[in-house]
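Just so it is clear, A, B and C label the chains in written order, and each chain counts residues from 1 on its own.
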Amino acid sequence: MNRTGRDVPYLKPVPDSPAQAGGEQDSVAQRRAEEAFIIDVDGYEGPLDLLLTLARTQKVDLMKISVLNLAEQYLKFVDQARKLRIELAADYLVMAAWLAFLKSRLLLPPDPEADGPSAEDMAAHLAFQLERLDAMRQAAARLMARDRLGIDRFRRGAPETVARKRRTEWRAGLIDLMRAYARLRTKDEFRPYAFDRKDIYTMEQALDRLRNMIGYAGDWTGISDFLPEGWGGQDARGRSATAATFAASLELARQGQLEIRQTETFAPISFRRRPSSDQS
Amino acid sequence: MTDDTHTTDSDAADLARNADFPPPSMPDQVRMVEAVLFAAAQPISVAELKDRLPVGSDPAEALSELRRQYEGRGVVVERIGDGYAFRTAVDLRFLMQTETIEQRRLSRAAVETLAIIAYHQPVTRAEIEEIRGVSVNRGTLDQLIEMEWVRMGRRRMTPGRPATFVVTEAFLDHFGLESARDLPGLAELRAAGLLESRPAEDGLPKPESDSDDPPDAEVDEDPAEDFFED
Amino acid sequence: MTDDTHTTDSDAADLARNADFPPPSMPDQVRMVEAVLFAAAQPISVAELKDRLPVGSDPAEALSELRRQYEGRGVVVERIGDGYAFRTAVDLRFLMQTETIEQRRLSRAAVETLAIIAYHQPVTRAEIEEIRGVSVNRGTLDQLIEMEWVRMGRRRMTPGRPATFVVTEAFLDHFGLESARDLPGLAELRAAGLLESRPAEDGLPKPESDSDDPPDAEVDEDPAEDFFED
């Protein structure tokens, strides 16, 4: 495949088998290789990129690549990195482990028991991935080589501004109109419900009052004596205060602070403070 | 691969620089002036054109040919100070305006007033206020009149000869009605479920209707909030 | 084109607004389209032209006539996505050194990511990572979005509802493409099956997704273990 500018494999400076001529020369060569290697590792955009570069050294069409050879090349690269004590990123090692696994499966006769993709499928998919990445790189190069705006083609240098006028359009539908009318015509049928706070004696109020008063009620005292000034009548206020005070008395009885007595059905209800001897 | 530096068209560039080449043809020079004027942010003078066009070009002549070619077109070459630039033809300047239409919702007060006029026309302002239970802000009626949905009708032949309000043809058009009589009646509104779905703000009905107090607090509308709901 | 009866500003404006007038002649419509396209830096769609031209105009036809008239000139009408715009002729780029915009140098990762989005759109981040074999740095996508070459598309209707990325009209404009279908080599790539999103086989290593930072060198004892489980 026709490649632009990347014909020199990154790996080239790293000799497959470092010349073991010995002596000082050896250490110099070693250091050089090491340096070159470090630069190269940084140059790769991940394991797939490294594989693609290695694949190119096979000088065959990517679709005819020997995945087995490729796996060996890759593993050799990783081995080299280990020898040079270069830390490879985790995904390079993951790829290495996977390629080692793939290699072993490609070499062994297929296991009829094994489920999942065959080794050949996996190899084919790897080749596909490499070809696709290569294709995308070529596409990117072709894209960047197009006649680009601001480089090869130019827009109007002094565009004329378009004045904007605003006009308001009112939005109302027939349904809004009918609904508004319906709302008006039915307004008198219902009176808005307002919770009339001034005739309500709340249980919180009753509880506060009862707590304060019960300390003085050593003897049975009728519920009406606990009602606040002006709340003792037979009207709604009286009913509200009585109900709230009774509810409050139940709460205090539950807490063991007072006792409740009713001699018979509908007889007046009386409270007294619970004798302290029982309180433990 | 990521090489972004674009080489200029080397042939053309050579042509441009090299005096040994003959100058481009006049039609090509016209094209060049056309492109330079188009892309320039400022008007370009003949001297600047001379600097930019290939050696041996005659920008003055190319320019006058270009001006001739653009006569009567939608854009023309105008002289501005020492320079030249493309400008929209004078008679087409109106194209350089766009109208943006902003949609707004009518306020509740306006919708209600409009509904009353539509259902009760011809109707006086006092009658509208009686039905709405609140006074009608002058601005509400003015706005409806300005929108051409409402107009003044005949004066009522009653003491004070109050003005009446009626809906317009534009109103009928907007709401897709043949006439105001096509508006559905109360029974139909109820059948359509419009009367049952009580507006949330009215709250729950009180079980005992022991009240002879007025249904609503008599509140005058805040004129500022009158028209615009949002 | 010679237009001897020059209408005045207000006549033309009246003409433009009033539906009762017949639409302008085709030569006049061509002038109008010419003026509107010339004035704008960005591409203008046929729908926008229709909004701005007088009622009853046929901007599509006027446009094709205009394109014909500008063939071979120094500026040409280009189609860009749904829009049309005047751009200088490519062969005159050598004249434009003063207008040339210094392009921000894109990294190799950015260029590749851009190409993958263009050719595979709509494409999720995970798919980009699958193709490149490395995780996509957040900054790369941000840069492309900031340049307005890439935008978010619809979410994919798959678990997690991942966002997709697509290229924009500004991308098409920048690279001189009529549509994303005109990307170079698109047909061949599709024919070769290289644009299919083939799910990775079980057990194939995938780039670590969702890492905003480059993966660090933290290595498990046996990183391969996870991959061999099933």
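FYI, contacts are C-beta pairs under 8 Å (C-beta built on N, C-alpha and C of every residue); 3 or more make two chains touch, one makes a residue touch a chain.
What you see is a predicted model; the values in this text were computed from it and never measured.
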| item | value |
| --- | --- |
| Pairwise touch network: line, ring, star, complete, or other | complete |
| Chain closest to the assembly centre - both centres taken as Cα means | C |
| Whole-Å separation of chain centres (CA-atom averages), chain A against chain B | 41 |
| Length of the line joining the C-alpha centres of chain A and chain C, rounded to whole Å | 30 |
| Centre-to-centre distance between chain C and chain B (centres being mean Cα positions), rounded to whole Å | 28 |
| Shared interface positions of chain B, touching two or more other chains | 1-2, 4, 35, 38-41, 86, 88, 96, 98 |
| Set of chain A residues in contact with two or more other chains | 137, 140, 144, 148, 151-152, 154-157, 160, 162 |
| Residues on chain B engaged by chain A in the complex (per definition of touch) | 1-4, 6, 35, 38-42, 85-88, 96-106, 108, 110-112, 114-116, 118-119, 131-133, 147, 174-177, 183-184, 186, 189-190, 192, 194-195, 198-199, 202-206, 209, 211, 215-216 |
| Residues of chain C that touch chain B when the two form their complex | 1-3, 6-9, 12-13, 16, 30-36, 38-39, 51-53, 72-75, 86, 88-89, 91-99, 103, 105-108, 111 |
| Complex contacts: residues of chain A adjacent to chain B | 4-6, 137, 140-141, 144, 148, 151-152, 154-158, 160-174, 176-188, 190-194 |
| List of chain A residues in touch with chain C within their complex | 45-49, 51, 87-91, 93-98, 100-101, 116-117, 121-122, 125-126, 128-129, 131-133, 135-140, 142-144, 146-157, 159-160, 162 |
